[in-house]
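Order as written gives the chain letters A, B, C and D; numbering starts at 1 within each chain.
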Amino acid sequence: MQLNGKHTVNAAPSVIWKMLMDTDVLAKIVPGISRLEKTGDNTYKSILDIKLGPVNSSFTGNLQMEDISEEKGFALKVQQHSKIGNANAAIKIDLLPLGENQTEIQFDGQAKMTGLLASMGQRVMGGVSATLTKQFFANLEKELDKQ
Amino acid sequence: MSVRIHVRVNGVDYHHDVEPRTLLVQYLRDTLRLTGTHIGCDTSSCGACTIHVNGKAAKSCTMLAVQADGCEITTIEGLSNGIELHPLQEGFRECHGLQCGFCTPGMIMTAADLLQHNPNPGESDIRHALEGNFCRCTGYHNIVKSVQYAAEKMQAVQQNKKEVAA
Amino acid sequence: MSTTNGWIGKSVKRVEDKRFITGKGNYTDDIVLPHQTYASFVRSPYAHARILSVDTSAAAAMPGVVAIFTGKDVAEVNGVPCGWLLHFKNGDPMKEPKHPLLVTDKALHVGDAVAIVIAESAAEAKDAAEVVMVDYEELPAVTDAFKATQAGASLVHDDAPNNICFDWTLGNPIEEVDAAIAASAHVTTLEFVNQRMVPNAIEPRAYNSSYEASTDKYTLYTSTQNPHLIRLLMCAFVLGIPEHKVRVVGPDVGGGFGSKIFHYTEEALLTWATRKIGRPVKWTSTRSESFLLDAHGRDHITKADMGFDKDGKITALRVKTYANLGAYLSTFASCVPTYLHGTLLQGLYTTPKINVDVTAVFTNTCVVDAYRGAGRPEATYLLERLVDLAALELNTDPVELRMKNFIPPFDGITQPGYQTQVALQYDSGNYQGVLKKGIEMLGYADLRKAQKEAAANGRLLGIGISTYIEACGIAPSAVVGSLGARAGLYEVGQVRIQPTGKVSVYTGAHSHGQGHETTFAQVVADKFGIPMEDVEIIHGDSEAVAFGMGTYGSRSLAVGGSAIVKSIEKIIEKGKKIAAHKLEASEGDVNFENGKFTVKGTDKSVSFGDVALTAYVPHHYPKDLEPGLDFSSFYDPANFTYPFGCHIAVVEVEKETGKVHLKRFVAVDDVGNIINPMIVEGQIHGGLAQGIGQALFEGADYDENGQLTNGSYMDYCMPRADDFPMFETASQVTPCPHNPLGVKGAGEAGAIGSTPAVVNAVIDALWSAGHKVKDIRMPMTSERVWRAMQS
Amino acid sequence: MIPVAFDYQKAGSVDEAIAALSSGDSKILAGGHSLLPAMKLRLNQPAKLIDISRIEALKGIREEGGEIVIGAGTTHGDIATSELIRNKLSFFAEAAALIGDVQVRNYGTIGGSLAHADPAADWPALVLAADAGIEVKGSGGLRKIAATDFFTGFFSTALGENEIITAIRVPIPAAGTKMNYQKFSQPASRFAIVGCAAMRSPDGKTRIAFTGVSENAFRATAAENALSGQPVSDASIGSAADLALAGVNVLGDHFASSEYRQHLARVYLAKALNAVS
């Protein structure tokens, strides 16, 4: 499954960067996170509760940030396990400054599903990814407003 | 946690404690040992498990046994009186509407629902009514003919009754 | 032996129906044994993964759990075997990696079983299986048969370089074929995919195995098409237990279409496990599991060239196919893309030069094996698409082009059989006859006019023709043995006359929808001149029936029926001896007719029943004759049988959406002599639905990671009642010259001719509007057809 | 085929069901035809089901104060065959007959379908085009949510955590209003790849809604405005389609790519509009 898109937020890349690197903030932004624990440099252990229509399941796994380029971008690796299947994703995230207080967040990557998620979920996967993305940016904006 | 249910199946009353997660089809097959109702899929698509609940066709794999509490249920085993065949059963035999027989009980129960509402269905009515029942053997051709046979037979019986009454 | 009382050829209503229409069928999942336990499997969610660890401790503590076994527990047990050994072109044997009952190191496709959990109830088994913890390391997967052979592709089995199981060729030397193609006035070329099909018998596979320690006997109830073969393979090749201690029963079976021929790992594992735990173990596949595990069909990637001379005569055919076998070798996997495909590439045509080259490939997908038609649909699809496309390209009529190239009629008796370029010798045929009848039924000329008018009005009508030939009743044993079969392909038929003259017939063929209990009884009643209700057909139980090879490849009547006829002949022969003694005549003067033994030229006779009674109460009996009237025969046919036919589809394509509407379907089939026209017609109908299903609706899709992305009825489109018109069928009869019934087989015909007919019709519709597309990938979804119209 | 174990409560009244809902991880069981299939596959594992299928107050179709009121527990089958619906809200009957199969229509309910908010379900397009109100009840009492506010995203609605849909209230269309629902079905599941519902009053006021096209069903307001009071022609349909789909995230899947689905949306909009003009 392809995951890509972009979103413009009214904040400088440095602000966004700080938020993305902050475990507490990240836990609020990533949709469905019920627990996020830093386990090392740029690695996290996570529990995600995904409730989307027919699918309601708890995912456990890791988030990892690689190829970190300060305030510019990073690669996010996600490995999640659940009883209904596993999801692995590799997403390149780039922050592009658009003027002083504006950043375009670009993301581009792929997610792989296994198990029931793969065999039963095709009809809804497109919607899942679009929705999770929307939620992510909505949460991000909410956090930005708070700051 | 078990839940007490009372159902009337093919005219017989049953009282059982069932786990809430027990599907009606599992209750019929495993508890009552009425194995004429079959399970062919896990997405409520194939219709092999079709029975009548309070006179209406239902996929018994998409209903919990607890939901059937207090209901009147008819399965393929109860469609006829055991001696005479229901016109649909007869139709399926006369028109070679079955091969392996696995989808047949569900197919007959769905067709019975159709004929209750539409005693004189056209070919396309029949085909549309059977969209929730898969058959892999017959190509449906003879199933359509079987239902037509039954419809004609049932109408003839009705007509006969009317004439006798008159 | 002549027909005696007319049962043969009658549309007798089926005797098996009564139990099915009243819900009294007895399918494997209906059977519950005393102290029954239930199994659930832990299956790999990855197509290719190393198994780092398996932790069953939490599962073992779950309520109701009786036992859990992992790959380590069965590491010493053999895997399930392949029944057909082929060799590489260089003479090396094909790669035959172990197909273990449970995997230990690596999972090779999604659904590969890692552990079995056995519990007191199915629900508890499922709950516990869910908490077995398996640590996987995902490995790269291959799914596409061609890509899997390319450099750099990851390996499914370390000992099969380039993922090739074997390569294989048949026909004329490739140089000759290349030269003939090069010299042709026109060459039609097609590159296409014959997609992967999921058989989808509506009854999911189910097994129930039990073991009795006091007698050291096993019983396995299995949803199989061939119980004896399962017993043979399981006992001799997998578990190493003596066959006489194992009873295998195939009770009522809810459809097979090939997928229930094969010996599956679960059958052997349950039989192994029941002894371990001392209780019966039952497993019924869920539909989700069926999608992932029941051997799929087809999956060829093919490039084919057909050459024509300036007069439209076919000059040569060259075929290169990559056949996907899946992750392991299923029971007949190796012979399907080779001896059941390559040998049919003569089709109905006089093509003088043919070469076929097949590369059989392992991938990280479900195994692929015989599915209704098995190899023959692939061959027919290829030929009939090529011929129809050539007609479009050459701007000639597809009927004419076919007629021009057909092999002339031959009966196989006064005229010899037809020797093909690809090993087979056809038995008898009249190919012109079926095509002629087909276009008459269709009203071909008028329809062509209507098509033109429709095109002028912006409507897209298409007429698609396909003719086909198939090879059924695979035989003889010596020949198939020389081609690699590890078993004989005869059939067993025992006819036991009871003392009262009633007849019990034991056949090694297995009925799972074909109606043997009726058809076979018709043959027996007819031959003995007795009522049908005096005949009982017994099948599907290894303890009742001496032996058998089962039902597949449209073989039951041609081979199994012939075995029964052989036994009937023996009974009549012995009966004549008994009758001669009773009638005080010489044996040579006794005739058997209409259920009576009579002395020629006299009115002296004795009934069949009297003779039977005498055989069992031999008070006045020939001295040198044994009592009893009970014969068993093994019939090994002299040749395959070759049914053929003509299928024609009429479609309308929605211009705006690409949606295809099947308006009419005409099928004229010649399956030799017909015992029960109603049943034959029913077999044709079912085959048509599957063949049309392949063209328009069905197809398994794996993503590049080896995940089956349409593994349920929500995404895999099963044909439904409202997808079809009424079928217009007819038959022609060209008897098989080499079996006693003159029958050829009807089980697969419908699925063989119909697929190319529908695709040809859609292509024809598009050409009628000027869209000169060569191919649309099956299934021809609305989007694919729409896209074809955009180009 | 076997759901994870759960507790079960049969609710005798809406209030009882609402009270039960607040007790944690529970789900409402109405017809069960969206929920049980997911539970059988263990895609969804609620701890408790609250069965509202026996609550008579949730069933039935009636006319009341210029509205047609459809109880949330009314089955698709009952809607398809209701005389009242056929006479006054014909496209509801037409659409109902296209849902699932006869067995599903016999037990699946309109309320269950709306609460589930499957992006390819039929009802959302209908209630949107009919400008219906969704009446819901929670611990805070009864409230009405406009259909246009109800579908908030992918499988998500404006329904509160402890709220239950009680009825669908549809303003009775003015005499002479034409309505139509056009559906291009996914061939396997028969959910909508594209469903388009349209309604046009004699004075040309037009309402259009789509399902199946994007993450949730939506009203094509800009297209409605452009068409309202204007004649329907190939040209006006074409520009309405442009307006309807502008900015819409059109889904792509196994059966229809985004591009093809967009094309179908245009074709089916034209079919629906031609039927109501």
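In the analysis below, contacts are C-beta pairs under 8 Å (C-beta built on N, C-alpha and C of every residue); 3 or more make two chains touch, one makes a residue touch a chain.
Quick caveat: nothing in here was measured; it's all calculated off a predicted structure.
Of all chain pairs, the one linked by the largest number of contacting C-beta pairs is B-C.
Separation between the centroids of chain A and chain B, computed from CA atoms only, is 49 Å. In whole angstrom, the spacing between the mean C-alpha positions of chain B and chain C is 30. Centre-to-centre separation between chain B and chain D, using Cα means, comes to 29 Å. Under the contact definition stated at the top, the residues of chain A that touch 2 or more other chains are 83, 116, 120, 122-123. In chain B, the residues that touch at least two other chains are 19, 21, 39, 42-43, 45, 131, 133.
Chain C has residues 123, 130, 286, 288, 709-710, 712-715, 718 in contact with two or more other chains. Contact between chains, using the touch rule, shows up for A-C, A-D, B-C, B-D, C-D.
Residues of chain C touching chain A in their complex: 45-46, 110, 130, 138, 288, 291-292, 703, 705, 707-712, 714-715.
For chain D in complex with chain B, the residues that touch the partner chain are 1-8, 10, 29, 32-33, 36-37, 40-41, 49, 51, 53, 77, 81, 100-104, 106-107, 189-190. Remark: chain D residues 34, 37-38, 41-46, 116-120, 153-156, 186, 189, 191, 215, 249, 251-254 touch chain A in the complex. On chain C, the positions that touch chain D within their shared complex are 122-123, 126-127, 130, 286, 288, 656-657, 659, 697, 701, 709-710, 713-718, 781-783, 786-787. Against chain C, the residues of chain D that register as touching in their complex are 1-2, 4-5, 41-42, 184, 187-189, 254-257, 260, 263-264, 267.
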